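Attaching a single structure in structure tokens format; questions to follow.
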Amino acid sequence: MGLRSDGRAADELRHVRLTPDVLDFAEGSCLVEFGRTRVLCAASVEDRQPPFLRGTQSGWVTGEYAMLPRATHTRSQREVERGRPGGRTQEIQRLIGRSLRAVADMELLGPRTITVDCDVLQADGGTRTASITGAYVALQIAVRKIAATKGISPATVRPAVAAVSVGMVRGVAMLDLCYEEDSTAEVDFNVVMTGTDSFVEVQGTAEREPFSQAGLDELLRLGRKGIGELFAAQEEALGRAAT
Amino acid sequence: MGLRSDGRAADELRHVRLTPDVLDFAEGSCLVEFGRTRVLCAASVEDRQPPFLRGTQSGWVTGEYAMLPRATHTRSQREVERGRPGGRTQEIQRLIGRSLRAVADMELLGPRTITVDCDVLQADGGTRTASITGAYVALQIAVRKIAATKGISPATVRPAVAAVSVGMVRGVAMLDLCYEEDSTAEVDFNVVMTGTDSFVEVQGTAEREPFSQAGLDELLRLGRKGIGELFAAQEEALGRAAT
Amino acid sequence: MGLRSDGRAADELRHVRLTPDVLDFAEGSCLVEFGRTRVLCAASVEDRQPPFLRGTQSGWVTGEYAMLPRATHTRSQREVERGRPGGRTQEIQRLIGRSLRAVADMELLGPRTITVDCDVLQADGGTRTASITGAYVALQIAVRKIAATKGISPATVRPAVAAVSVGMVRGVAMLDLCYEEDSTAEVDFNVVMTGTDSFVEVQGTAEREPFSQAGLDELLRLGRKGIGELFAAQEEALGRAAT
Amino acid sequence: MGLRSDGRAADELRHVRLTPDVLDFAEGSCLVEFGRTRVLCAASVEDRQPPFLRGTQSGWVTGEYAMLPRATHTRSQREVERGRPGGRTQEIQRLIGRSLRAVADMELLGPRTITVDCDVLQADGGTRTASITGAYVALQIAVRKIAATKGISPATVRPAVAAVSVGMVRGVAMLDLCYEEDSTAEVDFNVVMTGTDSFVEVQGTAEREPFSQAGLDELLRLGRKGIGELFAAQEEALGRAAT
Amino acid sequence: MGLRSDGRAADELRHVRLTPDVLDFAEGSCLVEFGRTRVLCAASVEDRQPPFLRGTQSGWVTGEYAMLPRATHTRSQREVERGRPGGRTQEIQRLIGRSLRAVADMELLGPRTITVDCDVLQADGGTRTASITGAYVALQIAVRKIAATKGISPATVRPAVAAVSVGMVRGVAMLDLCYEEDSTAEVDFNVVMTGTDSFVEVQGTAEREPFSQAGLDELLRLGRKGIGELFAAQEEALGRAAT
Amino acid sequence: MGLRSDGRAADELRHVRLTPDVLDFAEGSCLVEFGRTRVLCAASVEDRQPPFLRGTQSGWVTGEYAMLPRATHTRSQREVERGRPGGRTQEIQRLIGRSLRAVADMELLGPRTITVDCDVLQADGGTRTASITGAYVALQIAVRKIAATKGISPATVRPAVAAVSVGMVRGVAMLDLCYEEDSTAEVDFNVVMTGTDSFVEVQGTAEREPFSQAGLDELLRLGRKGIGELFAAQEEALGRAAT
């Protein structure tokens, strides 16, 4: 029997599938799957600015994130029943937004808001990294559509931004943790990078055991490898998109 | 050019598709499509009773309903951002719950709760009737699964319950309104029926023009026709389900 | 001993009393009593439009509904303590509003909002139907007052709209259920009609037993009879009103 | 023309009316009117203790307060729509509760809670003092009822507690201010006293002009006079009550 | 052993310390200590008016109040976790605001808002009276600062406003109750006065035993004595302030 | 003129001051100052477990965080007025809790909860890192106190945990950013480390410009240097603490 429950090598991504154009009404959409994790990403373009940009010619790109109640192994209560998005949800939403803005030019976008909704249909670990990876595809499709219809520059969103999780599980550095691995990991990293081989975010947390500088270096190396593969999958999916 | 924007006859359903077993973790699941309306139904079985049944051996079946923000033609704000489910959401949730309980035997179910989550991925009219129709399939699959593993009676949920909308549009009684028809209808009915040709719910509202007894009779006749066809589609889908 | 706990015939309304002009400050008011059910209806006219009518010359008519905590046999918690109106409250509010708008001409009303507050002082079944019946009287009085002072047309609200409950109790179709009957009914209908013998709303729910087409027909017949008697009571009350 | 808009003398109460037994279901009830101010007081007895008394044999008496939206000259939004009771509402509720507890013996009451709901049907100044005055009557009736049925001591609530407002209006000390007087008063006092000529609460606020010791003395003298008259009215009303 | 747990005479204040200028960014600030009670008062000047003053040249002065969770002997939950300020908090905030406005001239202030935040770092009784006493110092410092920089009149805030608690403890009238005394007092008064020997607020509550006119007179006498001493401490602190 | 507005070298901390035992009631307390940033840390020990530990012998350590409204250069609205802690607050609270738990042994603590409240009195950048650094001191003092009184092991909290911010400002890596530097930084890192030279958290965000592996390495090196100095300051403060 192998190292990981699903037989993957330590530095191997789960099966990644990016399906563009899955919705009829959204300006851009993409269903992203990292193994059994499935997130529906929908990009909506609106001709309005957030209040803090009034009086400028800039636009804004933001993300929202939620899980269906039975995305998980056991059912969770809807956040609306608790009256507000939880801290984890808000943290992920802000991460998605920052990641997308790292490749978007707000001046070229003009006085518009693009919101990318990332709704998790099924959750098996890595929902935030799958969300960022799929949200980029939905965003890029939406921009191409308005590039065609509203004359904005197709360079508004640069290639590309993607994210992956890495972690130390039983002392071994592993790429793209599934839920079971994630819940037993000693150290858990989320890495977001752009097409220029630069970092947008590095978030590393010792869940059980503080980690050394050497461990940190090893995990980041793995993350860069995985993100390179995600860039290729994104490009291939965009090639299949209608617009 | 025909009577309806999509070329259907007045008494014709949209293309109906029921896909069972679309989720890996939920005890029962079904993706239901009425034309472009798409609802993901997930049935979760929990070994707990709601507070008002404590001390009895009865179970409970309930429904929850929500729309993804970009299910609709233009994006809507998430309900969680407003701090509570709107009145419309609560009304639909209660309708789904009542409809499912009309075919479920709470004594046979035993001290368990089954929650069927109906999450609208795309909305083009008839989301509540599609939800009820798909929720029945998810519920029946979940009951079969626990019938096998926990020894409850497979008769716990009787065949069948389904729902459809009917309405007066420009003076003509029509079956299964799409969004565009619904928004211009003079009268709007939702009809829920069981496999014994009986009504569970009849909700008729004059949106523009009060309606006569004769109009009401004509609309209910159409509704019964459509629901008969939905029963057949449910049965066929259950035949394809794994359990 | 008779069929019903209070000795009424199956097709007999409870004692109905409509007392106009019970408040000093409201533009229109009416205390409505269906037996021991007592609702204070107050119509308020404001020179403002709801946001969705800005830029038009139309007005709006809406209803609000609440129960005092000790309206019922045992005390209920105030909704404000739970932080929001419950689903049942919102459902009833929307029904009252739709019913009143079915007889009101929004163009003749002009850029005004009339809110009819229906506050249940005592609840013994049928609070929503009593509310609609009394709210019409309060609304009509308010319109007459502003017809006199602000020169709007007295035809702004057409005669009349009223509502009654009907239900199957132990297999018998009964008119105007009191709380005890309502809580044991197999089927529960609320019927709202206008003075032109047309339906505004038909809401029928099988609480215990799905119902047949024949049962539905019988219940609607009873409802039409009761509503006819309510129209007479409304007209008589309006004759007694000051304006 | 006299000193006050309604022709009263400076030391004269408005017309006071206390109508006991106005509700069918509440254990005790009283409609209190101070001129056009009208408050419906309903006392509910429940066989439960608040959490902080668990494990003792003591009971609790508390009050709740609300205004109907059109109690006032212009309509106010319902507090439930804002999601919580306002600061003013909570302040008044706590005052009513403290006032009632000043004459109630929690040991004699035993492990029960009595909640007196004070719902303002019409507001023309003095709603909190009218509430306390009427709440005492509703509470006393409820105690008599459970004295008869549950064998608690009729001495559980001692005679009596009542309240009145006094204020400086254009330099003159006046008793029982109506809304118009209250809104122009320089100083506004609420005084709550028991049947033993003692104070439960003295709340005096300079709305426009700080006040001297002499002014304070004069206002309290007026308040004691008015409260003496309210005690007589309460006793007379209790003589008319059914129990 | 003496009368009071900390050895004070019945008419003696706790050790009072007013430290001005404790914050770097606030326009005015003062740390006030009444014994172990410690409140940080910060006055913020903003060039905006509250909505109800729009269109006038008037300003507004208001207060906010909160306790740190471990200000008290045992930890309390943060109010934000309960979703709203409690009734007690709102009552105190309104008292602070009214007290400060009694010595502030809104016309001289001009179209500005000054908010004085009173945050209780440690609570040992008398937090509201300490807040008012310290808030006056912070407010006066802020006004001097804007008198210098924005040319408003230094007479905008008149000397002075201060507050103290008094109460009956085991039958003895005492000045400036600490927490232990306050929690066993029969009667609890808060007195707010201005430099002109006039009352702004008198709030007296019988916690256990109604009080007589004579008791009231004695308590107010004590309060006036204590407030005189607080005026001196305020003046001395203002002398030490930088501006 | 130097590189930084306050004349510091790029790798120099602001003036750090840790004052233990500043509160009378909290089991442990520490006022921490990083330059003008000032945070009051209070550790409260309670003999209760969070729900998810019921039935075990484990304890829990958690943190809460808030800012006074005038901690900042301009006044901010209290979070309680918005009805809930913002996303940023929740994110910081969870970071403080995780950091403290990295050095606490939940088994040795036993069935208790220690909450460390970090309330920011003044904010000039680095409030979350100052909070963690001061919270450790308050926690350690509280543990020593209960070690003495309740017989738990003094080894319950291991030395030590501290945090610091680092960032790229105009292309230069700098240690311990003040507000002005933080708001113009291209890259912003928060680093949390334990006394064993291991990382608990690394959170790096590109605010303006994605960053390279080399930049990341340089920033972490600076962070380790600063944290070493903070460990020394913590140890010195604990030496001065009463217990």
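For reference, chains read A, B, C, D, E and F in written order, and residue numbers begin at 1 within each chain.
Basically, a contact is a pair of C-beta atoms (placed from the backbone, for glycine too) under 8 Å apart; a residue touches a chain by one contact, two chains touch by 3 or more.
Because the structure is predicted, anything quoted here is derived from the model rather than measured.
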Same-site or different-site touching of chain D by its copy chain E, using the half cut: same
Relative to chain C, chain with the most remote C-alpha centre: F
Chain pair equivalent in interface to E-F, over half of contacts matched, among C-D, B-C or D-E: C-D
Distance from the mean Cα position of chain C to that of chain A, given in whole angstrom: 51
Length of the line joining the C-alpha centres of chain A and chain B, rounded to whole Å: 32
Multi-chain contact residues (two or more partners), chain D: 83-85
Graph class of chain-chain contacts, one of line, ring, star, complete, other: ring
Complete ring sequence of chains beginning with chain A, oriented so that chain F follows: A, F, E, D, C, B
Complex interface listing, chain D residues touching chain E: 83-87, 90-91, 93-94, 98, 102, 193-194, 196-206, 209-213, 216, 220
Chain E contact footprint on chain F (complex, rising order): 23-26, 29, 36, 40, 42, 44, 46, 64, 66, 68-75, 78-81, 83-85, 115, 117, 119, 121-122, 124
